[in-house]
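Dropping the structures in below, format is structure tokens.
Across the two complexes that follow, chain A remains constant while its partner is chain B and subsequently chain C.
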Partner chain A sequence: MLADIFTPDLFASAIRMATPLALAAIGGTICERSGIVNIALEGMMLFGAFMGVIGTMYTGSPWLGALIAMVSGMGLALVHAFASITLRTDQVVSGTAINILSLGLTGFLMEVIIGHPGTTDPVARLMPVFNINGPTEGVLGSVWRWVDTIVFSYTPIVYLAIIIAVVGQWALFRTRWGLRLRALGEHPRAADTVGISVIRGRYSAVIVSGALGGLAGANLTLEQVGSFTENMTNGRGFIALAANIFGRWTPAGSYLASLLFGFADALQIKLQLFRDVIKIPSQFFLMLPYVLTVIVLAGVVGRAVAPAAVGKPYEKG
Partner chain B sequence: MPELKTEHSTSRLAAVLRELAVPLVSVAIAAIIGSIIMLIAGFDPLAAYAAMFKGAFGGGRQIGETMLRSTPLMFTGLAVAYGFRAGLFNIGAEGQLFMGGLSAAWLGIVLAGMPRPLNIILMLVAGAAIGAAWAFIPALLKAKVGAHEVITTMMFTYIGRYIVSWLVTGPLKAEGQIPQTNRLPVESTLPKMHEMLPFLTPSRVHLGFVVAIILAFFIWWVLKYTSLGYESRAVGYNPWASETGGISVSATTIKALCISGALAGLAGVTEVMGVHMRLFDQFSAGFGFTGIAVALLAKNNPIGVIAAAILFGGLSAGGGTMQLEADVPQKVILIIQALIIFLVAAEQIARWVIGWTDRRGATEHAG
Partner chain C sequence: MDAKFRKVLALLLVFALVAVFAVGCGGGEEEEPADNGDGVEAPTTDVKAAMVTDVGGLGDKSFNDMSWEGLLRAEQELGVEIRALESNEIADYEPNIDQLANAGYSAIFTVGFLMTDTTTAKAPEYPDVVFGGIDQFFEEPAENQAGLLFKENEAAYLAGVVAGLATLDSGLDDRINDQNVIGFVGGMDIPPVEKFEVGFIAGARSVNPDVEVISLYAGSFDDQAKGKELALSAIDQGADVVFAAAGLTGLGSITACQERGALFIGVDADQYETVPGSGDVMLTSAIKRVDTAVFETVKAVVEGTFVGSENREFGLAEDGVGLAPYHDFDSAVSQDIKDAVEEARQAVLDGTVTVPALRSEL
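Here is the complex of A and B:
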């Protein structure tokens, strides 16, 4: 049975499941590194998922749909940035408002545009990037089956997420932009003193996180599912925040932590196929990623240190 | 957020009015933005609001329905407000509510045949206890390792929902096709209020409404006059100073989040005992999350929670009529709720509208 569970498909599925979490988690990393808490990633992802489908429906192109999803995420991010940076509102409360707004807006627009609540019709999806005809027979064939599934089977945003994690890691720790961003979250007063604009820096970080949240939503609808269902993000934005913490506020760490959650998700889906053998109710499998999140937070938070000024509004003094 | 000082009684009325101005103006702005959204989507906002008002307050039955829907929101609103007072954001009231409902659905059957007042008291106490228990692990993690309660209580909400989903489809499932528990015997239910107040006939409002209001006053008293309440507020106001002043921040954090969980658990109990008489997957219409809006609109004042819950209960009761008569999707209520949270939190907007550009006032309340 183990050979039936640990197939190449399980690992590929883990990477696919990790993608929306990783994109949102990296968004959270960039946002929190600048000093702004972004609880609204859940809502940005949901709004991106919806607008991606609507965009694809109207333009006929899932590529444009993904772009519209990103822009939609950025739109909500702008609201969060305005509230938490300019108005110095409590960032967690503003994020919660945006999550509820997104839930209401997607549900409302669904009924206005689609005409009914629930799930949209399927739309055109982003297709796997590679389509290589490798060997099918013998040892070579089974090796190729693993390689093809784990390396070459993915849709564009899955690869993009890996690129973003790598480039993001480099940019955050090896470029001037990254140094400045980290300064905003650690000691905004000092950053301000040496001439870095705290306001502008934080706005751009929040907006980048919105774009990543929207892209995560596009991955859900335009690559994984192919349609939009109300509240389909189902807490992924919060799991992504936990992944960001587990990854110690680094893009690469966020990606790797998301892989863990993605694997838990892939495993629970796989195990449900063996319900008759394992005899554990499906709800316990569905719980797995959430339980894992709590365990991860319990185990690492004490040792992981958040950016010093995160959550605190900055007032030019 | 929390304020430790008390005003002089002479300026009290003026202070109360000043406190009310921001929430009221915020609700008005939210309603206006809501109408703009409806106009853009091609609906008639005036017809929508008129239908909503009729559905919420148009007669005895409608008023009763509004009371019915405001009841769980008072409990969850109090839960979130108590947490906020102690500097904790209990975003997972929904999960604690689910566990409270679960305990009532189980205990109500076990207690069949016992006297009704005893059952009511036992079921309320048990629901509060399990709600507190469901908040305990997030509370412990917050106090001991600093895990953010927003993430942990949210995760416990999903876990709680799946546990309920499992129990109602499996071990606690009643005979038949529908995944739900057995109907509670009448001695394990809350009496309907129209038995005492006939003008509410035939609404479904139950005694839980009265329990919620009494509890709101009790929590107000606890916060204002007990050392428990004082410690909670002090920790919410300034944890470092509290620790220096001899208050254990971690113990207070754990107590406060558990009290918050207990209050949310009661919402689940009264929904099961008063409305559905049984438990099923979808028994809560997101009351835990709406409780956040209620608490914020009430500025975390327990008495204010009563009024805010009635407003949101009315929105929800009127939403059905609005959809039916003005054809506007009920989801617009969620949008209005979100706008209210946003505007109350970013109160400069309301102040600006009122014309209070007094900078001192704005910064004093922002902290």
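Here is the complex of A and C:
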């Protein structure tokens, strides 16, 4: 039974499913570190997923599609930034509005551009980066099967997400940019007095989170399935928010937390195989990743402290 | 930026959001009656028929679209005015029904098992409106209420016969491996999907008693990425034929089959026709003629022969379910398999085989 559960595909599946969560979670980290709450990640991901497909449809290149997805996420982020930074709207309200807007807008644009609701036709996808012919026989063959599946089987954005997590972690804690960003979220008044522009810094952080949200959407449509379905993000943006908190507002932590959620999801799929053996309804397994989210958010894993000024609009003066 | 300007801007932003929201989410873009173009005067009637979609919405290439097909046919053949309202979430069911009933629609189809309770609650409120509940079993249906159910298990039984024999027949396709394993991907674990699963397993076992069927559930009907992961997992366990009864989630399973080299069996509609570019893996589809059920019900309303207070079941005998053609696999599928399917169909029609509908009956 264990040999059936712990296959190389379990781990590969976990990493694939973690990728959109991780990208959005890192976006959330950067945004919240600057002091802006971003619950609009779900909407940015959905809009990016849609625009990625449309972009690929018109340009013929999934790479350009992914770029368009990021730009689209940035566009929505700009709306959020404008509402919450310049207009000083409640950030949760603005984020919720963007999520609803995104759901409606993608449905509406489906009708306008594709001509029917539901799902788009398939488009070109980003293919796995590596295609190595390793040994297939003997012990070496089975070792290679593990290595190939877990390390070399992924599409570009999956690797990109890992790079973004590492670079983001370094940038947030080892660069001047990171120090300033964190200052904005902890004590914007202090940052302002030493001459850091709070407005500009927060705008750029929100826009970066939009780009990452859009990229997360591109991973779903342009790498995993190759077409867009209405509401296909299915709450992943909210799980990403939880991953950001669980990861204690750090890029690396966000990635690892997403990996845990991805693993829980991959594991529940494998466990479903033994539904007949352990006599538990499938709903129980489907519940696992969400139960994990609730446990994490309830603080069992330790107290997570948010940036001090998060959610508070900054008024100069 | 002064305060006044800011307020005006905020207001404009709100209007922009509301406008898009209203267009995009409000559902129910009214469908213009199609001009049938051939100059033939369509018959007219003052019956107006409408449907409320499940959360999958129109464009699901599955039962919502099939219901719409049935209404389109009613429009063309009976001159009925038709309309569809989309539900984006479960909370939309009630207002959508109210809106249609108040707009004078005399036949309303609520599509999907999840709408059972709402339909039951709303039927007594509008006694002059006929309610047809697709996939809904009513305990005590009112006079203006009929459940329209399908014997999904009978269609899936035939699909199971195909899959059970195909997984043994390495001559059929080089994607068939030497393991005796097939896969099932379900949307939500609800009765119509369970019937698909159970029928599929029963059909496969009837021709291949040792076959292992891997059943996996996604928990949603619109998560393609999850559908793909589930199918990949089944294929990883050795499945070479995957049957998905999962709405849009199943589209991801098609991608998985194409990527990993497995064959696929579609659901509800002939998915060879409705899913572009799926022909290379689409062995057949287990069809559920929701369109027939909708059309027949509208016709009964128009002719004044509608009988409520009942749950109608559409099975193989009523031509309410069936198996799609093999299309690109037609020459690859051996005569033995075709004969076995025909035999199974006859056995179900004769009543010599009763296809189980519940997991406990397997």
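Throughout what follows, the second predicted complex is superposed on the first by the 303 of 317 C-alpha atoms of A that agree within 3 Å, B and C clash if a C-alpha of one lies under 4 Å from a C-alpha of the other, contacts with A are read in each partner's own complex, and residues count from 1 in each chain.
As a convention for this text, a contact is a pair of C-beta atoms (placed from the backbone, for glycine too) under 8 Å apart; a residue touches a chain by one contact, two chains touch by 3 or more.
Just so it is clear, the model here is predicted, and its values are computed rather than measured.
For the composite obtained by overlaying on chain A, chain B and chain C cannot both be accommodated without a clash. Looking at the shared chain after the overlay, A:Q272 reaches chain C, while chain B stays out of its contact range.
In the superposition on chain A, contact is made by A:L297 with chain B only, not with chain C. Using the contact criterion defined above for the overlaid structures, shared-chain residue A:A83 touches chain B and also reaches chain C. Using the contact criterion defined above for the overlaid structures, shared-chain residue A:L105 touches chain B and also reaches chain C. Looking at the shared chain after the overlay, A:V194 reaches neither chain B nor chain C.
In the superposed model, A:L2 makes contact with neither chain B nor chain C. Touch criterion met: A:P122 reaches chain C, while chain B stays clear of it. In the superposition on chain A, A:S13 makes contact with chain C only, while chain B stays out of contact range. Within the superposed three-chain model, A:I39 lies in touch with chain B and out of touch with chain C [touch as defined at top].
Among the options 3-11, 237-245, 255-263 or 273-281, the segment of chain B that ends up inside chain C in the superposed model is 273-281.
The intersection of chain A residues touching chain B with those touching chain C, taken from the two complexes, comprises 79, 83, 87, 89, 97, 100-101, 103-105, 107-108, 110-111, 117, 234, 281, 283, 286.
Of all residues in chain C, only 1, 6, 9-10, 13, 17, 20-25, 29, 56-61, 65, 86, 88, 186, 189, 214-220, 222-226, 228-230, 232-233, 236-237, 248, 251-252, 255, 276-277 touch chain A in the complex they form. Within the complex formed with chain A, the chain B residues making contact are 1, 37, 41-42, 89, 91, 137-138, 141, 144-148, 150-152, 154-156, 158-159, 162-163, 165-166, 169-170, 289, 292-293, 296, 329, 331-339, 341-342, 345-346, 348-349, 366. Of all residues in chain A, only 4, 7, 9, 13, 16-17, 20, 79, 82-83, 86-87, 89, 97, 100-101, 103-108, 110-111, 116-119, 121-122, 220, 224-227, 229-232, 234, 265-266, 269-270, 272-273, 275, 281-283, 285-286 touch chain C in the complex they form. Touching chain B in their complex are the following residues of chain A: 39, 79, 83, 87-90, 92-94, 96-101, 103-105, 107-112, 117, 234-235, 238-239, 241-242, 245, 281, 283-284, 286-287, 290-291, 293-294, 297-298, 301-302, 313.
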